[in-house]
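Let me begin by presenting the structure, written as structure tokens, before commenting on it.
Order as written gives the chain letters A, B, C and D; numbering starts at 1 within each chain.
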Amino acid sequence: MPRTEIELPYHIDYISVLDENGELDKGLEPDIPDDELLKIHRYMFLGRLFDAQILSLQRQGRIGTFAPTKGQEASQLGAVSIMRDSDWFVPSFREAVAFLWRGATMEGILLAYAGFSEGNKIPEGQNNLPVAVPVGSQTLHAVGIAYGMKYRKKDDLAMVFFGDGATSEGDFHEALNFAGVFQLPVIFVCQNNHWAISVPRKNQTRAQTLAQKALAYGIPGVQVDGNDALAVRVAAQEAEKRARSGEGPTLIECVTYRMSVHTTADDPKRYRTDEEVGEWAKRDPLERFQKYLKTKKLLTDKKIASLEEELKAEIQESVKAAEKKMKELGDPMDMFSHVMADTPPALEAQKEELARDLKDSAREADNG
Amino acid sequence: MAKMTMVQALNLALRQQMEKDDSVVILGEDVGRDGGVFRVTDELLDKFGPERVIDTPLAESGIAGMSIGMAVYGLKPVCEIQFSGFSYFSFHQIESHASRMRWRSQGRFTVPMVLRCPYGGGVRALEHHSESREAFYAHIPGLKMVIPSGPRNARALLASAIQDPDPVIFFEGKALYRAFREEVPEEEETLPLGKSHLAREGKDLTMISYGAMMRPTMEAAEILKEKDGVEAEVIDLMTISPLDDELFTKSVKKTGRAVIVHEAPRSFGAGAEIISRIMEKSFFYLEAPIARVTGYDVVIPLFARENAYLPDAQRITRAARRILSS
Amino acid sequence: MVMGEFTQETDVAVIGGGPGGYAAAFRAADLGLDVILIDDGPRPGGVCLFRGCIPSKAFLHISELLHDTKIAKNMGLTFEKPSIDLDALRKWKNSVVDRLTNGLMKLSERRGVQFIQARARFEDSGTIRLQGSDVTHIKFKHAILASGSRPSTKRGIDFKEGGRVMDSTGALDIPEIPKRLLVVGGGYIALELGSVYASLGSETHVIVRSERLLRGADLDLVRPLQKKLEGLFAGIHFHTEITELKEQNDKVEVTFDGEIEPKSQSFDRVLVAVGREPNTEDLGLENTKVKINKRGFVEADDQQKTADEKIYAIGDVVGGAMLAHKAMKEGKVAAEVIAGKPSEYDVRALPAVVYTDPQVAWTGLTEEKAREDGVEIKVTRFPWKFAGRAITMEAPEGMTKMIIEASSGRLLGMGIVGRDAETLIAEGTLAVEMGALAEDVGLTVHAHPTLSETEGEAAEVFLGSSTHILPKT
Amino acid sequence: MSRSFKLPDLGEGIHEGEIISILVKVGDSVEEGAPIMEVETDKATVEIPSPFTGSIEAIKCEPGDIVHVGDALVIFSGDGAEAEEAPAGKKPEKEAERKPEEAERKPAETEEKKPEAKPEEKKEKVPAKAPEKREGPVPASPATRRLARELGVDLRDIPASGPEGLVTAEDVRSFAEGVKAKEKPAVTEPTEKEAPAEEREVSLALSPTGVAIPELPDFAKWGEVERIPVRSIRKATARQMALAWSQIPHVTSHDSIDVTKLEAFRQKHKAEVEAKGGKLSVTVFALKAAATALRAFPNFNATLDVKAGEIVRKKYYHIGVAAQTGEGLVVPVIRDVDRKSVIELSIELTELVERTRNRKVLIDEMRGGTFTITNVGPLGGGHFNPIINYPEVAIMGMGQARMQAVVINNDEGAHEIAPRLMMPISLTIDHRVLDGADAIAFVNKVKEVLQDPDELLMAMV
């Protein structure tokens, strides 16, 4: 009869370990071995440089549309760095850095962005789903995969990435709900980069945080400083523990910022100010992490400089390899590959039709 | 051999495939405790447990999307969308992911899932419960679209669909669910997907149909024989996509005349594609324009007017007579 | 099912899963027809299995056992007074019913008969509407109506479920062993159930409107039974009727008119068993061409065809002897006719068995009916006091009689009172059906010592060659 | 109790026959196994033995009738045991005692005496029946009653043979047959459109090849004609030949065999064989020679199984010998020719041909052949093209041996013209199984054996 407040099992924490100035909350600092810290740094740095390289290639017309990751390196690496090879990575379309960590090659990424579907080929043994463009739709795939893990009694987990915009999509809610109902080992990593193309985060939801969406589905949610690799890592480790011990999913909201364009076809000046970007630049995840590593005496400016050289050379190698590959690929007939296990007769006929047309076109070009 | 309704035959297919392969799981709304609102999954929960017969929350996209993830992981989900009229919630999962995961991952991942849904009219249902929208799915490359016409082929086709390495949309005619019983052997039977079936031999006319419309079509063929002495050949497509055009184009070469029957609206329906194939392959054999007996391009009426909308043997017979006399 | 109406088509829809219905369904299926069997019970079986023959015989078996322990005293065996656990007894009865009905369910499945639990109602001469099942409509080529019968309520007595005034259905639950029980009716149901209660210890009073018990059976067969029942029951009152009946919390106050004193008495329970009525209502028969005769039964011919060419009717609903085996025979006939066979109901000897102690059974023509119809007959009787086997069983009150056509010596009927009459009557039934002469039965060797000898001897009485009876001079 | 004897199933798809003669008459007492009639079927004329001991009550057929399997031919009265034990005449007496009694019963009386035996109200169901029929239930067993319904006859119309008016199943059957016989003409009356069933049957029997038979012109337009039904052996021959001709691509190879030495040999031993009851004919030698060649070339002793796509080689050598009879061509088979001596074969062949001509050969004796020999020599004739006895794959024909001037190699190896007894031999093969070269090789083997009686003796071992 009386009106009482309902006590919910969860509340929303905000986690920050390393502040903008590189100051550390010692009590929260995760225990990460030095070589792993350096590996995370290497990928952060590689991601940053690779991003710039792709942007440059795109501007030269050498590859097509690309969604840069600049500014979101910590969100991605802080989370994927807890994954095992047997875990499954379910990306959206802005996870190039996480992809590299998970074993994807720069060459493949370049090929894909250059319009060659072969670049999307996921090698056997890598449990990564391909890029998913329809916003939020991939969250459900992680749920299905996690169901398989639970059904097969594995202690693996699925980690799915998506942005703030995706939290408005129905699939996101269905995924959280399903994962909650079936108590599945999924880690939902929301990279709240504040912009869904031109629409700011505040226009996506009236809710104070995105993490609190978890509460509606009876699962834990946490908000972290997404530009703080250590904070992301802490949240991911907690989620991992839950997932592997059968305690179900977790939603992690990484508060970060899309430092660059939505895609190479986008002009952010139409909807946001340079000041805002400047404000976020101060919280650059890479610089912060470098500061931390320097404090830990794992890194020096000199080392950073030489690493930069090394990574750039690596990138150049990849670009060269990719461009070489591009020349080899591109037979239009390949579009008929991977439609179905068997090519039905009518499709076979269409394939022959294309082959004929290609020949005819070539002949006409010769004559013409 | 036991006699079964289509519901029982589908249940048998599911049970046997689940017994054979522990990667086969069932999910959907009310498929577990309730055994499905049409009882297709009756008693499977008791037999296989809640881990394999999953009552999901009420969210079609969730059901389809989760199935895709399961399939990618190596399971063989058979998901049920309670009515095809609600499958549009899950449409984007099917179109954007299920149909193209193989291509997108360049062959690394396949989606061996089956999406079952009841379709079609004739059971005096509410709005959104009677549509026949197979063309939506047939239009998507990478998907198979299968519609059985009776208990025995339903069982065999569902078994094949479950074993198929690609996603299959499996439409079950509600009007057929309990319409009649057929002998269905206990031993596993399969039918190849993408192959049509010669349901009746004839020489004067080719009738092409599928699913629940096979009944009035066969009835019309019988009327034509009895009243007109016309031997109609009837072809049951069974798979809408990929469309097997070999049998019906060959048949039209023999008969020179064709009637196509479906309950879906006429424009851009399966009939349009069938006619195109006939034009491409059998044009010079045609002796009359091809007739389509279909639903009209309207919202399928509520059941008070439904009978006038759905093709029946009389309409089909009349159409056949028209083209026979031209 | 949540949405829509589901019509199933079939060759034969059988309404009613009693012995007549399932026999019809099974036969039709065996003849290659597609068959749906509909009953509102969870399994086939009907009244016979759930609320009639089978449960009552289970209880009668118990009263027979009780009786045997009593007469054993004469043979030098003494048993302690048996203690009766009603719950266990009911449980056993239910297990018997379960075993049999589950067996029927399996037989249905094996034969490809689809059983649907639902209430059926004709919408027209080709369609049945179902209530309570996933299938909502059945379109049939032929229907067999086997809806059966229910205890009669025509004497205006109200039955409340679980009340103190019981019909046979209520009585078969044996809610308790009432101290004083009034049984209304002198037919076989009244006598059988009355015997059960009396054996279990109820002080049982029977009132009968007419002057006799078991109408339809020859009086000489009834007499030994009546004598024995007079010992078992506290009273049998003929020409007696109830004028008022008041059900109260713990008793029933009854006022009588007739040969009983006092005229007002109170009983713990009342069992009313005054016949059965056909189930013809609420079946939508008005939507078909089926005709109902003046007595309320569905009209059907020898091939079980009703006035509606697509609908056949069998069993209690068409009247005649309301016996399961008659219904089964008619069910088979209907199925065969539907399958195009030239079958018809041409039974000449329909056995009737009353499972009292002693049992009464008769088949073919009765003596009373023959006299009524003016048939010239000879009747022979063989009293069991001359049969060794009967003596060893302490059952000397029995008697076997034959009704023989005077001119031809052909056996037209047989009647038996005594132990195991239920089995013995089969020989008479076969003989009548075969058109056997009394001579045929007399010349047939019967094993000694058995009760079946009484049949051979009854025939030999006719031939004048009986061993144990002196020839008439 | 009377019993009817029906044409039994004679096997091999034979379903009809023509009555040639009836060897008994009404009133005769017959022992079980004694011949009662001769029936000519497609395959042969067979004597039908009596299945019962008893006396003939009625004969339901006459010579010339075409009868079908299951047709009642003869009605026997009484069963064996009774007939043997009781002196003749006693039984009829006994029956006579009862019959008047039955006759005395008037219909009205019967009605009263035969009440509805069913104790329930079934009366209203019984429709009114014609007054001349027996009233009330007729005594009959349930199975008999069902039979009557199935045969569409009314029990009340049927004369009862059982005790006290009991109708037996046999009564029902014979009554129904009588009804059917009466109805027959009406039923079989041909309609204008459709050829009478019988006609179709005949044409199908004569031409089993499935090829449409063109309409024949009306021959009477050009003069008088007579139509003779094609029956039995002629019919069977027509069918068998048309079948073989349509199925088998025939190739015939002709040659001549110098049988001069053989003839000398034959003349020398003729008498001694004759003394043993045989006739030492050329056919006997040919049989032996053929068996030798068949063993050497197993594909000749074979059948092509088209459905299975296999050649069926037989490991036994049963050779048919075509024999012309008055009714047509019949091919009795001699078993295991390879294992029998010339003398045995002479005796067996003589006896078999004799029985064949007398139409006494059993159907079984005409089955199971693997190869056929047809020797037209005794009738004259030279080379001819024999048609294979389907489903065999070859047939060997011999013409009349004649003295001819033949160029031979003399003892010095020089050519010379000499008079030799030359026998024409024609071998027809199934070209699906065998080739011309096979035919030559086979004939050469036969020649080898027949030209040299020593060889023949070797072959006999």
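Operating definition for what follows: a residue touches a chain if its C-beta (ideal position, glycine included) is under 8 Å from a C-beta of that chain, and two chains touch if they have at least 3 such contacts.
Values in this document were obtained by computation on a predicted structure and should not be read as measured data.
Chemist: Name, by label, each chain that touches both members of the pair subunit C and subunit D.
Modeler: The shared contacts of subunit C and subunit D amount to nothing, since no chain touches both.
Chemist: Smallest number of touch links from subunit A to reach subunit B?
Modeler: Steps on the shortest route: 1.
Chemist: Which chain has its C-alpha centre farthest away from the C-alpha centre of subunit A?
Modeler: Of all the other chains, the one whose centre lies farthest from subunit A is D.
Chemist: Specify the chain with the shortest distance from its C-alpha centroid to the centroid of every protein C-alpha atom present.
Modeler: B
Chemist: Could you please state the distance in Å, as a whole number, between where the Cα atoms of subunit B are centred and where those of subunit C are centred?
Modeler: 52
Chemist: In whole angstrom, how far does the Cα centroid of subunit B sit from the Cα centroid of subunit D?
Modeler: 58
Chemist: For subunit A and subunit D, what's the span in angstrom between their mean Cα positions?
Modeler: Result: the chain centres lie 92 Å from each other.
Chemist: Using mean C-alpha positions as chain centres, tell me how far subunit A is from subunit C in Å, no decimals.
Modeler: 80
Chemist: Which subunit B residues touch at least two other chains?
Modeler: In subunit B, nothing touches at least two other chains.
Chemist: Using the touch rule from the top of the page, what residues of subunit A touch 2 or more other chains?
Modeler: Residues of subunit A never touch two or more of the other chains.
Chemist: Two-or-more-chain contact residues of subunit C, please, as numbers and ranges.
Modeler: Touching at least two other chains: none.
Chemist: Among line, ring, star, complete and other, which one matches the pattern of chain touches?
Modeler: Topology of touching chains reads as a line.
Chemist: Every touching chain pair, please?
Modeler: Taking the chains two at a time, the touching pairs are A-B, B-C, C-D.
Chemist: Would you mind writing out the residues of subunit C in touch with subunit D in their complex?
Modeler: 216, 300-302, 319-321, 326, 341-350, 352, 362, 364-366, 369-370, 373-376, 405-410, 412-413, 432-435, 437
Chemist: Which positions of subunit C touch subunit B when the two form their complex?
Modeler: 1-10, 34, 109, 112, 114, 134-135
Chemist: Please name which positions on subunit D make contact with subunit C in the complex.
Modeler: Contact set of subunit D toward subunit C: 105, 109, 112-122, 125-127, 137, 139-142, 145-146, 149-150, 152, 162-166.
Chemist: Give every residue of subunit B touching subunit C within the complex, in rising order.
Modeler: Touch residues, subunit B against subunit C: 2-3, 5, 7, 37-39, 83, 123-126, 129, 174-175, 177-181, 183.
Chemist: Inside the complex, what are the residues of subunit A that reach subunit B?
Modeler: Residues 88, 90, 117-118, 120-124, 129-134, 137-149, 151, 158, 170-171, 174-175, 177-178, 181-182, 337-341, 344-347.
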